[in-house]
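Below, each structure is written out as structure tokens.
Shared chain: chain A. Partners: chain B in the first complex, chain C in the second.
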Partner chain A sequence: MQYLFRRLIIVPFLLLGVATIVFGLFQLTPGDPLVGRFGLQITNMTPETVQRLRNELGLDDPVPVQYVRYMSNLLRGDLGNSITTRAPVLEEIMARSGATLELALVAFLLIVVCSIPLGLLAAIKRGSLLDRFMMGGALLGFSIPAFWLGTMLILLFAIQFKVLPTSGRGDGALYERLQYLVLPALTISLGSIGFNSRIVRSAALEVISQAYITTAHSKGLHPRRVLMRHLLPNTLMPVVTLLGVQFASLLAGTAIIETIFAWPGMGRLAINAIGRRDYPLILGTTLVFSVVYILTNLVVDLLYMVIDPRIRLG
Partner chain B sequence: MKRFGTLFVLVLLLLAAVGVVDAQDTPVEGGTLRIALASITSLDPVFIADDTSVYPSSLVYQYLVRARRLDDGTIGYEGDLAESWDIEEGGTIITFHLRQGMTFHDGNAVFAEGEGREVVADDVVFSMNRLLTAEGSVAPADLKTAYQSIEAVDDYTVRLTLSQPDGVLFDGGRGLSFLAIYPHEAIETLGDDIRTTPIGSGPFEFVEYVVDERVVLQRNEDFYIRPLLDGVEFSIIPDANGQVLAIEAGEIDLMTSAVPSTDIDRFRDNPDFVLTDTLITGSTQMIFNINVPLFSDVRFREAVAKAIDGRGIMRAVYGTVAVDGCGTTGPGWPGFSEDLCQYFPYDPDTSRAILAELGWADANGDGILDKDGEPLSFPIEAWNIPEMPRAMEAVVTQLREVGIDAQLEIVEFGTWIEDYFAGAEKLMPFSGFCCIGGTESYWGPGGLGEAMGVKDEAAQALLVEALTVLDPVERAPLIIQAADALYSQYYAIPLGFITNFQLRSARVQDFGGIFWWSHLVGADFNTWLTP
Partner chain C sequence: MQVISKPQSNRALARLLGNRMAIVGSVILLIFVLAAVFAPQVAPQDPYKQDFSAGSLPPFSPGHLLGTDDLGRDTFSRLIYGGRSSLAAGIIVVVLSASIGVTLGLISGFYGGLIDAIIMRLVDVLYAFPFLILAIAVVAVLGPGLLNVMIVLGSIAWIQYARVVRAVVLQIKVQDYVLATRALGASNLRIIVRHILPNCLSIIIVQATFSIAAAIIAAASLSFLGFGAQPPEPEWGAMLNAAQRFIRVNPVMSILPGTAIILVVIAINLIGDALRDALDPNTQA
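After this line comes the complex of A and B, so read on.
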């Protein structure tokens, strides 16, 4: 409990640090937010309009003034308004969080469901043709760039076979929505499935070589019992950390996939915000992604305590 | 009997064939047109700062007048809310006569079902005042410069008074094209929510906007022309390649992003699709900052220009979408002149000769010319739109052949335009501006050219005069004369033009095109879908 309290107390300071770093980096980045928003249309505006907009957005204020204003707003839970859409940043993020969470959860489920059994199977059948085939496939899986894989999957399943939609999120029944999820979820999860199954295999091989596994076998325990009671829990420790980081990445790092599949999530919002120099939105999305990483790491630490009683007792 | 049977079957086949032809030629009511667009920033017309957000909003709102690219390539101006208009006092007073019986959409948060009120002149005045005064409004400079007052003469007459005649006031993407008409009640009731729930009087009513996913519209049953389509659904697909895949898969009927040049040829002869050249030819040119001592000499600028094979580079890099020509106003638009290319032949020998005359020589044998111990070198700053870096690499290679060491810097657009306005001491390639008003905007007073020190008073006077000439045919010679004065001084090196192709399914019939607005229902077109 004390451990948990210690971890939680750090979170606000971490966020403060992240907000400061992101704000500082944004100040160093070249480019004018007004140009980002209006593009060439800015050349069609009168100088008075441009100046009025700059004043309205506080862009001409000294950096320390902008920083204090930003941080005090942040402490009140106000992330400001998007320069592009004029809507509150929090509203913009919340409108897309459901889509990102939905995609991340399905992809995460795919990663867990596929990589652990595949890795275990490869370890149990070590050196066999099946092992080599699966590990070769895994290597291929995490070597293929996701943007290329996504396009290829669209060409194959949406254009050639016409069995799945090319893009979008769908708005009908669950079955229809699942159809829209298949390709993006597969695209972002395939690399992690390949990578994780190799990690699971390595971890499982290490556990298999332990004396207690040999003892369990020699006691005549059913192989399934050895697998479920001894092999699996001890293999999962390194994988849990990995899965935690991967889940955070799925929530925060799916921007390219969301663009390819026109998935209306937070990653695409962040990419658009960067393209348009929409700094309140950039700061807001970065902050949210940071919270996701911090909280996921916290959950992973807590999971350790659940999986390994030694940590809890220690 | 057998012969009679065969004849009977043939007649049936013939009738069936005729039936098919009829089925395809006869407009059919019903169906939803599915359109892909890259993004939506707002549906409140006062704050729309990108082309794509206009596509759905221009079906919800009416404007006074709409400009449309006709099949013969010319621009037609059609009344929308204004049924007709009179231009008086040499173009300084425009009186719009509004269409009577037009009503705002009902069944929404402002007007209950069946209670949409009539659109009157006060609504036009209100919309204009909001466009000109709202904080953050994107009201164009063209309109603000010329605007003097607007008044409702009676319920169906609006008088717009200008400080000077304005030849581009009606053009798509300029002037009055920003003036969408909406009720004051919508602003009072919805406030900022009007950016996501627009209420207008156009041919389609707003139904739903799901952020980053779709905008759904349905037929406005009360519109003065009954739309044949039941509705329109805009899917937001940010990537042009994604839009191509979606139209190939039959998920959308029309894509609004320009078709990537690599995809154009495979759609050209495909009977399932209609590929249309928009003829919106954006110029690609390289602007000298003439405040830089090196670039201040017209002979030096001429030498650089003649070392570059603009036409060859554009054809090699842009392929199908490259259009030959020089200047800012593109082929097919009033003010385009083929004669401008006389100043820009690819002639490296002349280039070398001029540079030698100016005292540049390769003193150390490294292939780069020198003068006073300094190598002939300058930076080129390009932004990273597709193909621009490749085009500039070719420019750098050709400049090196005459002994110029050009340093290519690739930046993203925000940085580029900020550097441009800050008067970057570089050669600045630029892509954009075209069509009506293009030359005036670029090289006229307050135009982009001034940031590079180009303020040619004689040319600017011609362009100012051109803006006050209402007839495009009469305006063209003035623009050409100004362009000749500018390009003969080599302020910029025009490489050529790039056009855009749009793609739609062959199912889409009687389509009015996309030119600033979406044109689905008009006086002589009413878009429908073959079953």
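After this line comes the complex of A and C, so read on.
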């Protein structure tokens, strides 16, 4: 219970810290916010109008006053308006969240389904050709920059063999949508699959060396039963936290992949906003990504508490 | 945890040399480092020299071992010069982040109290940002450029060193030999530099090695997005960015810079694995 309390109490402080840093970045932003807000209209305004607008928006207020206003706006869910579309930043982001969530979920599923069996297999057949081959593949997997892997997959499957679409997000039947999902999801997950299988492998090796595994074997249990009842659950404990953190970074970290595959998600929104110097949108997405990241990590910690009695009771 | 005293470091070196993968990694890395350092001597052509009569040549063309890009610039030469930017980015980011992180980690762990609380809360908040997103946002505000990318990556990545070093310091500062030196009248600075820092070294070295690889990928990613090195500067990420438009007609332009990044990153990761096993036998899997 104390753990839960400690974990929950830190979240508001993290959110406050994150918002403060984003506010600080806003202050460093080059250019006049008025120009951003009204564009070229501003050149037709009288100096009096400009000054009145500055006063209305509080741009000449002392920084602490602006800080308090920024924070209270945030609490009301107001992240400002996009310079390019004039729409509220939060609206823009929410409109793209579905695509990002979809991609992250599919990639996460791939990671879980592939890395756990691969890592376990490598651990059980330790030192075999299979083990070495897989560990080599794992090293390769997390040494390849994702953006390059994406380009190569497009080159191979979309341009050379023409079996999958190069980019975009299908909107037709499920089958068509899956076709668009394959390459970006694969690009995101391959590196993590490599990394995770190594973690699963070393976690499994640790468990295998424990006395209770030897006991289970020597009392004549079927190897499959040892695997399912003893090895798997104890291996998964440390892996669950890792997977959770990875899911959090998947939600926030697909920006580059979304850009390569023209996937209409939040990350691409942010990257495009940078090209247009749309600072409210850039910093708004940064803030939203961080909040999602913090909250996902919190949920993971709570889940971990549910499955690991040592933390729940300790 | 261990001090790298002489006989120990010899043993670590012996373990390192016995690791075949580490040797492979070191040789690959050495080739890239030498090529980068001696780029003006090694590169057959000027990496900026355009030749429109010889654009998009395939590899093994006469005079152009790896072909040319759309502007007729020699790809082999650009890759060699690109290694300079990428390797420098990796090293500068790590030197910057390690010096900030180790210093703050030592202070935080050794002195504790308010200063510890302040530093660690800052670390918590920076950890709460997705790394690349924060880097992209700050570069967006500061403006593009490889130097800005290095500064931004370095000033975010220090948090991992701070956490790790602080944890080691907390274990060590209560050891008897530290208390004994204090009883002998050693100053705080002397205790930190002579007794605590050496104990953190092996973990810092391992962390730094992997971080170079990560920093090279991060810097290349930002350049790929157009926020890092700007054309016509030869840099692997920027070259990949430029190559994107020609993926259908000249895919080699995309394949080669990526291969260079992977080779360097794999080499560094192999060395990192070996270093970890050599310096800390306990974590051997």
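By our rule, the second predicted complex is superposed on the first by the 265 of 314 C-alpha atoms of A that agree within 3 Å, B and C clash if a C-alpha of one lies under 4 Å from a C-alpha of the other, contacts with A are read in each partner's own complex, and residues count from 1 in each chain.
The rule is simple: a contact is a pair of C-beta atoms (placed from the backbone, for glycine too) under 8 Å apart; a residue touches a chain by one contact, two chains touch by 3 or more.
All values derive from a computational prediction rather than experimental measurement.
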Partner chain(s) touched by A:A87 [first = chain B, second = chain C, both, neither]: first
Touched partner set for A:G58, first chain B, second chain C, both or neither: neither
Which of chain B and chain C A:I21 touches, first, second, both or neither: second
Partner chain in contact with A:P233 - chain B first, chain C second, else both or neither: neither
Touching partner for A:P117 - first (chain B), second (chain C), both, neither: neither
Partner chain in contact with A:S167 - chain B first, chain C second, else both or neither: first
Which of chain B and chain C A:I159 touches, first, second, both or neither: both
Which superposed partner A:S249 touches (first chain B, second chain C, both, neither): second
Partner chain(s) touched by A:T151 [first = chain B, second = chain C, both, neither]: both
Contact residues common to both interfaces of chain A (with chain B and with chain C): 30, 151, 154-155, 159, 259
Chain A contact footprint on chain C (complex, rising order): 121-122, 124-126, 128-134, 136-138, 140-143, 213, 217, 220-221, 224-227, 240, 244, 247-248, 251, 254-255, 257-258, 261-262, 265-266, 269-270, 273, 285
Touching residues on chain B, where the partner in the complex is chain A: 39, 41-42, 47, 49-50, 135-142, 144-145, 174, 192, 195, 210-214, 235-239, 241-242, 245-246, 248-251, 411-415, 417-418, 432-433, 441, 447-448
Chain A - residues contacting chain C, complex: 10, 13-14, 17-18, 20-22, 25, 28-30, 139-140, 142-148, 151-152, 154-155, 159, 201-202, 205, 248-249, 252-253, 255-256, 259, 270-271, 274-275, 279, 282-283, 285-286, 289-290, 293-294
Chain B-facing residues of chain A, complex: 30-32, 35-46, 49, 52-53, 56, 84-87, 92, 95-96, 99, 151, 154-155, 158-159, 162, 165-169, 171, 259-262, 264-265, 268-269, 272, 277
